[in-house]
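Order as written gives the chain letters A, B and C; numbering starts at 1 within each chain.
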Amino acid sequence: MEFTEDKPNHIPDALSPDALLLNLDGYEGPIDLLLTLARDQKVDLAKISILALTEQYLDFIDHAQNLRLEVAADYLVMAAWLAYLKSKLLLPQSADDEAEEELSGEALAEALAFQLKRLEGMQKIAAKLFDLPQLGRDVFARGDHEREADIKVKPIWQADLYDILSAYGSIARRQEYKEYKPQTWPLMSTDEAYERLSRMLGKLPRKGRESVWAMLDSFTPEDLTDALTKRSGAASLFTASLEMAKQGHLEIKQDGIFSPIYVRQKDRDDE
Amino acid sequence: MNNETQADDLRILEALIFASDKPLSLSDIMKWFSRVDEKYVAGLLASLRQDYDGRGIELCDHGGEWSFRTNADVAAELDMEVEVERKLSRAAQETLAIIAYHQPLTRAEIENIRGVATGKGTLDLLMEANWVKPGRRRETPGRPLTWVTTTGFLSHFGLESVTDLPGLDDLKSAGLLDRRPAVQTVPMSGELFDESGEDAHDE
Amino acid sequence: MNNETQADDLRILEALIFASDKPLSLSDIMKWFSRVDEKYVAGLLASLRQDYDGRGIELCDHGGEWSFRTNADVAAELDMEVEVERKLSRAAQETLAIIAYHQPLTRAEIENIRGVATGKGTLDLLMEANWVKPGRRRETPGRPLTWVTTTGFLSHFGLESVTDLPGLDDLKSAGLLDRRPAVQTVPMSGELFDESGEDAHDE
């Protein structure tokens, strides 16, 4: 019976070179890999042996010779850095180092440890953050909206004087294009005068077949003030009186030239 | 069923109805309360409705479907007015101009001058803008209402008085009476309007 | 302000937040309460929150924006049918966490912490989810843009403010909320690097 050892589940498939390529979205870079390796040591990152970690990482790179070049390059930079770190840690610190003001191996190791610890901290907190109750998954907003608070729009009407004047101008302009209508004058027609004369004569006191004499001028409407309409009224009344006399409804007398003209109604003989 | 369980059930029911995107019937709700009977859930609904009684939100039962709704008596308070600037329409500009130049005049007279009927809305709008107001009734048959401009009109348009409005000659010299091809309906003549019947809808 | 008016105001406030389709800020709410001051409305909000304390629905404040939400503790029972959102990639989750806990910080600083270059798509994705937004530019050479979280982020994760982020104090006391490149965090390395322009320790 074949027996396969369980892979430690916290060391992902990334440790096989092929899987590393496939898992790029999960394991994005050398730091991530280092962190995975560091976790594998199952110790507090503060107490981690940077030397041991570095050796493991370099072993991994040795092992992963078939990595795609551009991916490998990323890993090799870290590998080179770690190799440098390893040499610093292994070699006894020389007095020259201080003079060159280079970071000691310990300082570099400390920096790396911090970097790993901070990254781990962020990965853990990201998981914690997404464990919070989330809107739309654990917590819900109101599902149905039957009405919103109604915001009515109150118009503030805008117009300036120019608008009003140009509007009035356009009305005035429009008036000029009105349909042509012959001008009419407020003058009394002969027909109107005839009607007026016969109506008013009918109301005069009568003596036998005739009414009393009345001055033709007195039949002119009193409200005619304008000289032209007054004259036209008088002319129409005179024409109408001649017409009525001709029909035998009326008698006319005048004492002399330019004297007042008198009229009186007269029933026709045949009536 | 102890009290604590019932309190929890109430909370679940409350959250459920709130989060649902549509009103829930009792049988909908029962999917969440399969371990109890309908009578119990109906009791929960009644109790929840009681909790919200008189609040700004109410638990409503419309035809056996339950939902939270804003209380009708505060709904009116939620409505708000926002002021937005709007350009006065041409019809309203003309109507306002005519009232300004010819006041006081009746609506029929405005229509005679404009040559088109004036919608009631136009005068309402000008009144709302506080530019015109009803004046005295004309003592002619039908006693039509006349329209005049307000002091709000004068202050908005920066006029001391309506007599400051430029005359037709001024307008002509300012180029406001320039002839342009006028494509408009032939205005109706004034006599077609029956003065007595108009403005029957005057308020 | 008598008690009856206050009760009415509470009802209006309740209905208003309930009816709104998005969280309302105090200044949004003030449009409805123009006759009183902000302090009074803040008092109403506190009182309303009290009313809902422990119910199935809660009045929540996320970054100063108020809304009703179902109580997180009924989530398990509610078990609503939810469209499964595309799960955020680990890289995006990490980036969001780094921004949330270190904000404001530049993209270079995010990359320092993560140890890898951040794909352009990651920040776009977080912006599209309305969880992060560009903040002010850092006044250092190149004036790099900083990134900060939004009220949408607070609302999504049910946080009142970024100071309520879980584990914030622990991370801070462990010294892990440091935006500088790791080598600069080593005490004796300080003098080797020019820190004059650095404002990394401002929280």
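We adopt the following convention: a contact is a pair of C-beta atoms (placed from the backbone, for glycine too) under 8 Å apart; a residue touches a chain by one contact, two chains touch by 3 or more.
Keep in mind that this is a model prediction, so the values were computed, not measured.
Ranked by how close its C-alpha mean sits to the mean of all protein C-alpha atoms, the top chain is A.
Distance from the centre of subunit B peaks at C, each centre being the average of the chain's Cα atoms.
Rounded to whole angstrom, the centroid-to-centroid distance between subunit A and subunit C, based on C-alpha atoms, equals 30 Å. Mean C-alpha position of subunit A lies 19 Å from that of subunit B. With centres set at the average Cα position, the gap from subunit B to subunit C is 40 Å.
Looking at subunit A, one finds that residues 140-142, 147, 149 touch two or more other chains.
Of all residues in subunit C, those that touch two or more other chains are 16, 18-19, 32, 68, 70-71, 78, 80. Every residue of subunit A that touches subunit B in the complex is listed here, in rising order: 140-144, 146-147, 149-161, 163-179, 181.
On the subunit B side of its complex with subunit A, the touching residues are 15, 18-23, 67-70, 75, 78-88, 90, 92-94, 96-98, 100-101, 113-115, 125, 128-129, 131, 157-159, 165-166, 168, 171, 174, 176-180, 182, 184, 186-187, 189. Note for the complex: subunit B touches subunit C at residues 8, 10-16, 18-19, 32, 54-57, 68, 70-71, 74-75, 77-78, 80. Taken in their complex, subunit A has these residues touching subunit C: 25-26, 28-32, 101, 103-104, 107-108, 110-112, 114-115, 117-119, 121-123, 125-130, 132-142, 145, 147-149.
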